[in-house]
Amino acid sequence: MDPFWTQLAAFFPPYVSAHYLLALIGPVAESLGMTVGAMFVAYLVSLPVGLAMATEAPGGRAAQRFLAGFRAIPDLTLAIFCVVLFGLGSGAGMLALALYYMGAVAKMFGDLLRTAPAAPVAALRATGANRAQIALFGLLPLKSADLLTYGSYEFESAVRASVIVGAVGGGGLGSELVGTLAGLDYQRTTTLIIILILIVSGIDRLTVALRRWPRLLWLFPPIGIAALYFYGPHFLALGHAARTFAGMFPPTLSAREWHRLPALIGETVGIAAAGTAFAVVFALPLGLASARNIAPGWVAVPVRRLLETLRSIPEVVWGLVLIVVAGVGPTAGALALGLHSLGCLGRLYAESFENVPRAPVVALAATGAGPISVAGFATFPLALGPIAAHSLFRFEWNLRMATVVGLIGAGGIGQALYDAQQLMFYRPMMAYLLVTVAIVAAADFLNERTRAYFGWSYLAR
Amino acid sequence: MPLHPLSRRNLIVVGAAALLTIVSGVSRADDTIRIGMIPDAGATQVSIDQKAPLQAYLAKELGHPVKLVIPTSYNATVEGLGNGSLDFAYLGGLTFVKAHGRYGVAPLVQRDIDKKFHSLFITQADSSIHALADLKGKTFAFGDINSTSGHLMPYRAMVKAGIDPDKDLKWFRYTGSHAATVQAVAAGVAEAGSVDETVFRALIAENKVDGKKLRVFFTSPDFVDYVWVARKDIDPAIQKKFAEAFLRLTPEHDAAILAILRGNKFVTATAAEYDDIEDVAKRLAMF
Amino acid sequence: MAMAETPALLELHEIEVRAGDGGAMLLCGASLTVRPGERVAIVGPSGAGKTTLFRAINGTVPVSGGTIRFAGEDVTGDAGAALRRLRRRIAVIAQKHDLVEPLQVHRNVMAGALGRWSTGRAVRYLAWPSHAEFAEAEAALAAVGIAHKLRAATKSLSGGEQQRVAIARALIQEPMLILADEPVASLDPRTAVDVLTLLCGLAEKRKVALLCTLHQPELAARFFGRVVEMAHGVATERPAFAGGTRGTSLLPAA
């Protein structure tokens, strides 16, 4: 039998025993604690910065720019850094998450607050209120629902990220996951992935409840403080961190490493392109099959469930599993990006099909055309614009993620960075990090351009 | 959905939580000794569970609470010694050379077999590979990039046999652990691989892989490998206690602990024995 | 009626349509007869049931009572292949927004042929249109006066031009009846007159019956021999025009 299927079969059935599930309470609590603590800090820092920016207070914009800079470094890369600088365990993971999400949340809060309706804010200003008063009486109440909604989206994404940072030594479920893979305990890996899916869907329910009963939010600060205390950095070896950090400069690559660089970048772009292509090819039929206005319920519902499952497993976790199944290397990386993207694109495509204007579709059906002709002449061409936009965004995101899955052994620039880090060649590591930041910045730039070209309307959910 | 300003009830909740945190903080005074082990055979709740007898033994011998930690990578173990999050650690040859060079860690003890350790080259029983020269154009799995028996010494053996891994292999990959290498070769993901001899034998003895499917086609010359070390600013008295705890182990009394350590007898280790490893690492640009 | 001996093309008898199951009555007993080649305008306020009447005719909404006969057959409640066969013979022109904007003009025009094409041919045409198909589309566009827009982007057309494309699509369908639902409501008065002139002229030339809703009575009087008034879901023949000027010149009076 093909090694791929033999290896895949080794993951089933999932291993379940009361003893193991009890032993997992620790790692699960550690992952959740890491997330809660990090997000508490992220919200605490981002809200004033967002408000300062929206009220055009001096320094607000600069502070936001500074925080947003951390977003340029992928979360897993930040985690590797924090493990080097601050040691093992949930402390380093929490720090990486806090830094990354401070950037993400500050940008999001700033953007949201700036869209507050102008009239009430102007009326407040006319009363002679100062910036803080405008923020408290105008911006916050006006946008509280949006802040809560988008803030909780970020929290969900942080829960997934906590598993990712764990994979490089940040503790919790992620460390356990890597451990089971390295120890050939594949059936336990499946158990862990199922637990991850359950946690993510549980958090989803929780955020829905939070939007309904915003009072629950008052529980967050005490839990956040407790999490910071128990799972935060136990100590900060600042002297060691400073020395190690200084040892990363100046970033240098040897002649041989320079020589390999174009191939590495090419491999990273290739992983992103192949992963996106894989996702697009399968997302088209699956998107059609899960669009409520096209497919019958008995097809659409199971396909939707499948897409949901694909999407709730982060790229890095797919990568870790696929490296066992398909072998270390770029194939595993591309498949990892492809499977997660398939989950995301499938849903977005289905929505694009569902949002097609009805009139032209009805007009063609009125000529007596069959269902496939109607799909080919109306539904498909009408949905093509949004589908193209979504696919392009996914490619840009995958470009970023391709640098990340490399870190777990999937090839490209990420792998070079990880190997350099493992061998403690910190100057080349810094050089590779700068290349990664450049790739991410290029992806972000492309993203901004695409967004400006297509407009936001295609992405409005 | 306006958020209500702090009501009295909310203040009570916040206050209670703050109090709870402070109270629990007092009980967290910490004299635990943290011992790290490189993840040469995987790191999970289960593997830490399995090592519980070792943890209990060391806690008794050292007179301190002990926490065993298995980081997710070799590098993280070394950095743990550097930034002080680990007090003692179990390292491989190459990781020792690095930790010694960067952070001055002190070698304490090692198994007698570590003085004359071997790396095994494995392939599937029915494969056409019978000698190092046959590896030309084949796919190959190394263990962790920092592993002495999974990467450094096999790499040198290949170079000595006239195979340049960068050019002559179809491709090679780092699997991250010896167990993963064995699995990769058994499943046919890679055609051959190099592993630690003790991990390989343990996997077959525990029936985690089918020994009949695999064949050893080359055994490396002797080299010095795994060693237990202490961070340099650990109290010498505790270092001494730690070393003695290992030297005192005998198969008659401590079979369970020795099984965990995959050895029979512990001996004193010295830094000078690693000069050869350091030299090889430097020549192969791994140090 | 003068032409009582001619068999009717479309006969609606006491049609009832409800909004959803057991909802409000949208049509309550509407009756109407259209003969081959005849042109009939339907006028009435918004909400009178004009659009619902059209939807009932081509089977887009189910009728809860009454019968519909088309070309001598009872087509009430037709579904599946039978419904598609009915629709093939009835072309629909809507007020606006029913072209597929991302497709070029010629593909929108040829979409009128989908009812008689096999799915395989439809897919082939989408990817690879033949010369004959281009010629057919161009002829239809020439009939509506915009042959030069054959390969234009549909988005780039003005409202009047888009309506002409919709008419061309109806022509390609080679229907026996055209249902035009407020075809000029979103056009300026001058363009509206142009489009109606074109539509009525083509219907006359090709001997296609035309049933057209309008909300400007003066346009109805000017272009249509017969005007039916709809209110509260009931159609009433407007006496002043009944049996009146059918067959007179279609050219604008002024």
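To keep things simple, chains are lettered A, B and C as they appear, and every chain counts its residues starting from 1.
What we mean here is this: contacts are C-beta pairs under 8 Å (C-beta built on N, C-alpha and C of every residue); 3 or more make two chains touch, one makes a residue touch a chain.
Owing to the predicted nature of the structure, the values given are computational and were not obtained by experimental measurement.
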Identifier of the chain whose CA centre is least distant from the whole-structure CA centre: A
Most distant chain from chain C, judged by the mean position of its C-alpha atoms: B
Inter-chain centre distance, chain A versus chain B - centres from mean C-alpha coordinates, in Å: 31
Averaged-CA centre spacing for the pair chain C and chain A, given as whole angstrom: 51
Centroid spacing, where centroids are CA-atom means, of chain B and chain C in whole angstrom: 80
Two or more partner chains touched - positions in chain C: none
Chain B-facing residues of chain A, complex: 3, 6-7, 20, 23-24, 26-27, 83-89, 140-141, 144-145, 148, 166-169, 175-176, 178-185, 188, 211, 214-215, 217-219, 221-223, 225-226, 229-230, 234-235, 237, 240-241, 244, 324, 326-329, 409, 419, 421-424
Parts of chain A lying in touch with chain C, wherever the complex brings them together: 357, 359-360, 362-370, 372-374, 376-378, 381-382, 384-385
Parts of chain C lying in touch with chain A, wherever the complex brings them together: 58, 60, 83-92, 94, 97-103, 107, 111-112, 114-117, 119, 122-123, 126, 166, 169, 173
Chain A contact footprint on chain B (complex, rising order): 1-4, 10, 13-14, 16-18, 20-21, 24-25, 30, 36, 39, 41-47, 49, 69-76, 78-80, 82-86, 98, 102, 141, 144-146, 171, 173-177, 179-180, 182-184, 187-190, 203, 208-209, 286-287
